[in-house]
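Order of writing sets the labels: A, B, C and D. Residues in every chain begin at 1.
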Amino acid sequence: MSPAPVRVGVVGAGWWATSHHLPALAGHPGARLTGVVDRDPDRAAEAAAAFGTTSYPDLAVLLADVDAVVVATPHDTHHSVVMACLARGLHVLVEKPLALSFADAAAMARAADDAGVHLVVGYTHQFEDVAAFVRDAVRHRIGPLLQVTVEYSSRAARLYSGGTYGAEHGGGQARTQLTHALGMLCWVTGEEITTVAAFTEGHGHGVDVDDAAILRLSGGATATACSSGRTPDGVPVRQHIRYLGADGAIDHDLFRGEAVLFRADGTRVAREHSQHEPPYRAGEPARRFVDLIAGQGENPAPPGPAVAAVAAVEAILESARRGAYVRPSQMRCDHTR
Amino acid sequence: MSPAPVRVGVVGAGWWATSHHLPALAGHPGARLTGVVDRDPDRAAEAAAAFGTTSYPDLAVLLADVDAVVVATPHDTHHSVVMACLARGLHVLVEKPLALSFADAAAMARAADDAGVHLVVGYTHQFEDVAAFVRDAVRHRIGPLLQVTVEYSSRAARLYSGGTYGAEHGGGQARTQLTHALGMLCWVTGEEITTVAAFTEGHGHGVDVDDAAILRLSGGATATACSSGRTPDGVPVRQHIRYLGADGAIDHDLFRGEAVLFRADGTRVAREHSQHEPPYRAGEPARRFVDLIAGQGENPAPPGPAVAAVAAVEAILESARRGAYVRPSQMRCDHTR
Amino acid sequence: MSPAPVRVGVVGAGWWATSHHLPALAGHPGARLTGVVDRDPDRAAEAAAAFGTTSYPDLAVLLADVDAVVVATPHDTHHSVVMACLARGLHVLVEKPLALSFADAAAMARAADDAGVHLVVGYTHQFEDVAAFVRDAVRHRIGPLLQVTVEYSSRAARLYSGGTYGAEHGGGQARTQLTHALGMLCWVTGEEITTVAAFTEGHGHGVDVDDAAILRLSGGATATACSSGRTPDGVPVRQHIRYLGADGAIDHDLFRGEAVLFRADGTRVAREHSQHEPPYRAGEPARRFVDLIAGQGENPAPPGPAVAAVAAVEAILESARRGAYVRPSQMRCDHTR
Amino acid sequence: MSPAPVRVGVVGAGWWATSHHLPALAGHPGARLTGVVDRDPDRAAEAAAAFGTTSYPDLAVLLADVDAVVVATPHDTHHSVVMACLARGLHVLVEKPLALSFADAAAMARAADDAGVHLVVGYTHQFEDVAAFVRDAVRHRIGPLLQVTVEYSSRAARLYSGGTYGAEHGGGQARTQLTHALGMLCWVTGEEITTVAAFTEGHGHGVDVDDAAILRLSGGATATACSSGRTPDGVPVRQHIRYLGADGAIDHDLFRGEAVLFRADGTRVAREHSQHEPPYRAGEPARRFVDLIAGQGENPAPPGPAVAAVAAVEAILESARRGAYVRPSQMRCDHTR
């Protein structure tokens, strides 16, 4: 007898949910798409109709009907929505960033741990095979980590003038974009960021649009992180992390979903992108979230590194504001499931 | 009637001088290689014999016989040797870094200006055609500069355990290696660095081996600079500067001597390396120095940006030591010839 | 009132159909997946169950119920199946190669033309935006075409020992693999191949596994085509066409779905792959086939170039067998819809 | 006591000799540049003055005064000049191609063998370290060779309208340019070409400007060779050989002087270009020729593969003319020193 499908609700019916999470859930044989809720009831109704599910008027009502929730709401609402889900013992997949502050993020991680449920963060890149290759190589094949170079340029600045990604909802380049790379860095290394110093530049958007930061990792390595949301059309973005170790190095091209391991003996190992998958598989988190609840696989995007990334972003923004070195907050690791 | 050859003396007969400057001068029809001096008389004699010139026992005596001097001595001696040359009204080509401190470097720039002589700094990359392409593009073709990403990894750490590049002579990654990229950055942009914050890591060598810094440029752009001297054998080094502007971007690969301009209209312009020249033409500074004195061309490596690079390195090292943001010293630009 | 959905039948329920065509049709709102037929009734039944459609015992019965047919059967059956479909006035999407012989392929093209229906060939690469960019550039932006370099290596040799891609069903590297590149070449240039000479090597498989050919195009350009099915695991395949013109050149990387136009003025235009699509979108032909029947868009893979590719492959195999130059057959172009 | 310098004469004082061979010989401590001869006495006198040597009025007189000769005359004179040198027992470095016909080339190889002297062919690429890496890898690390893809595009067509590289002196793309790649192919594999078929296109120059050929190697591998002399300015040339073996592959970029070995286990070994050498070191053949005579090293460009390359070019041109497969002539290998 096949197991009962996982009953999943979706909170937030914006373009990301309708483009990626809802189709992925609708197409997953192990999931039943129970319903969708949005603060805009018309938008919820439209999404429900498109994906053959029910539009719920109220979050609490939806939560009563499901086993698991996908949260794709503005950044500043993640904490309250996710805490409501966890309070009911529901599994949660929440978009990145986990939260705007370390305090909120850590509370979410602890609540998930206490509830004994899965909390998965929507860091899509971590669901790629190449990410596991990079993680293994950084931990086991390049010797002690010496230095990391992070670049994450994008064209997101156009989103920051207001609305979901504007200042009022916790937008900006660090929280929206650089978080991808910092989340990957913390997940790959298993380390946290102990000190940062940063410059940011907002170009009048009310949020950071360009970020330049130095980071000290808990294992001692130094790092730089450079990120701009103003890459002009026509100029390729660069979303890349280089890990330099005492016995080798890894180049991880997040944008292309590819990596190369360089070993001290002069040999290299490349992971190239498949012809049959998009480099960025935005439906994968929802699919794997359902599988995880069904007992298959491990959590590719657990809360621990996501909390560390939130702490790093918080420290970067504070450092830039104050013109001083800042030590990100750290949580006890045994609380991160 | 052809002009009298420029009489050139060489101070320092180490491997760099004997590998590059002395052969270049010996082979230049417009130069007369008058003599060589070194604190080790045997080494001076050997070099003099190899290149058909005279070994001088004493710097002052050599200076009396020449029009121009190439200084290739340890970093910590640049200031005193160059000041002695300038005091006699001699033209000077001095290896990078110009000096260990801003105060020394600025004094040298001013002294050259006052003496009305050429002071050329041995930033070999600035003598490449591709550098002029990058400079023109950054200033005129990519719009306002937003962000710069500097990477300069090398294998120089093995030199830092003592001797010429050890702590006692002002060695270390920032002064020896990162200076290449910072000199290029200041020369290309025509800007100075107004604030820095940095981490350095010495791994017990007594000097910095890994550097991670953020920089604010005088025009407002943010930058990161990442540099390690511990790139393992078998791992390719990366010596690269990316300039991101509002209307385009440039990737400058210093190691390969190549660049690509990306324009907002989607077109690109590449400068690829010639088959007939080495990417790093270490004899070029001495050759062009002689030409410059003979009235040909402009100074491809003038003291202004070199002073700014010294100031930036000084600030990086101080920032890392103190764990605080530091504002590099700045000289009045009208003093830099 | 929205138009009635296109009733589509699928002939052949092998892995390609079940992996790509059937999911694409099942997910297309404008298509009704009427049924599937296969010479193996169990396989047909299984596929029908998986995609919520009907398994037909007999091709003729299925054809009576549909408007359009997707043919994904072994190469040697394309001609008879497609002719049966066209005889009933049905639109057809057939896998590449269109047929094993020029005579068969030309007959199919003429029959489609006479029936006034769409005949689409499953050259997936032609459905990519980058292909249209390459076609436009080759025809309008690089001047008269001088020379073309085709490489198409793969790992398909393991399929040739028997079964669908073995000698008995018209397998081999030229018909199975090189056809991708030759189809693209004919479609991009709008030209045919007027003369070929070739070597093939079968390594005992009974079909060609390695092909090396020279081609003369109808416009006068010379070309080489190199293709091996024995690329070892661990070695990246290369699937690439370079078009050299008098005023520019194009590099088309079929495997990555990318292209670069090099212009004589030194500027370049690159088409890079999107993060959100797989480089090889194998479901696209079926989707676009349905759209085409519904009146949307043009046929991205019309029979004319596909017939020319079949003729070229036929000539390559004959040339290699005879050790002589061979002129491929050519059909009157006005018969190719 | 150091050995007496090798007395070297140079035949031909055109731009190649004055740019590369004469400076290399003048700067080699083990060589004495005895004299230069040219059919244009003024040009010989000018070159002699520039390099501090003697202009000889007559070839025979020069040959009487030397141990070794560098021959840099038009292609069609190589045979007679070199045979005159060998008849006097002199060592010879001759520019590529060795000769215009197999008969001439084979006679030269046999004469050198009979005289017991060194005959070195000016295939500059074979003097690079990367070439030895490629040769070793092709012979020992990629398993049985399956297929080779040769591309050699350049901008040489402008030379073919007359003069040294025009039809009257044996110019054209195959003899002047493609010979570089064919010489490398024969040298790397140690094989000969057993059958060819080709197209050439002269665009009215009276010589071949574009070549497209298939080659069968003596070991059984198939190959294509594509070469055009009409690469527009602004379009990068591609000078590249890919060797595909049963257990790996090599990409050899002749233009950049780089190579990558791909192994079936997924690892790679790259040979990247040094910063301190030009990719094309045109002075190296003359320097190494002198060293070879002095007993140092082996002949990096022996006559055997050069004869095979001449035979292949001859067959390519004949095949294109006749529209038929042609078997290149082959010499007994034991005659090639």
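Everything below uses one rule, namely that a residue touches a chain if its C-beta (ideal position, glycine included) is under 8 Å from a C-beta of that chain, and two chains touch if they have at least 3 such contacts.
On a predicted model such as this, the values are computed, not experimentally measured, just so you know.
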Most distant chain from chain D by Cα centroid: A
Cα-centroid distance, chain A relative to chain D, in whole angstrom: 57
Cα-centroid distance, chain B relative to chain D, in whole angstrom: 40
Chain D: positions in contact with at least two other chains: 236, 266-267, 270
Chain contact graph, described as a line, ring, star, complete graph or other shape: complete
Chain A-facing residues of chain D, complex: 266-270
Residue ranges of chain D touching chain C (in the complex, touch as defined): 143, 146-147, 149, 151, 153, 195, 197-201, 210-216, 220-226, 228, 230-236, 238, 242, 244-249, 262-267, 323-325
Residues of chain D defined as touching chain B within the complex: 236, 255-256, 270, 272-280, 282
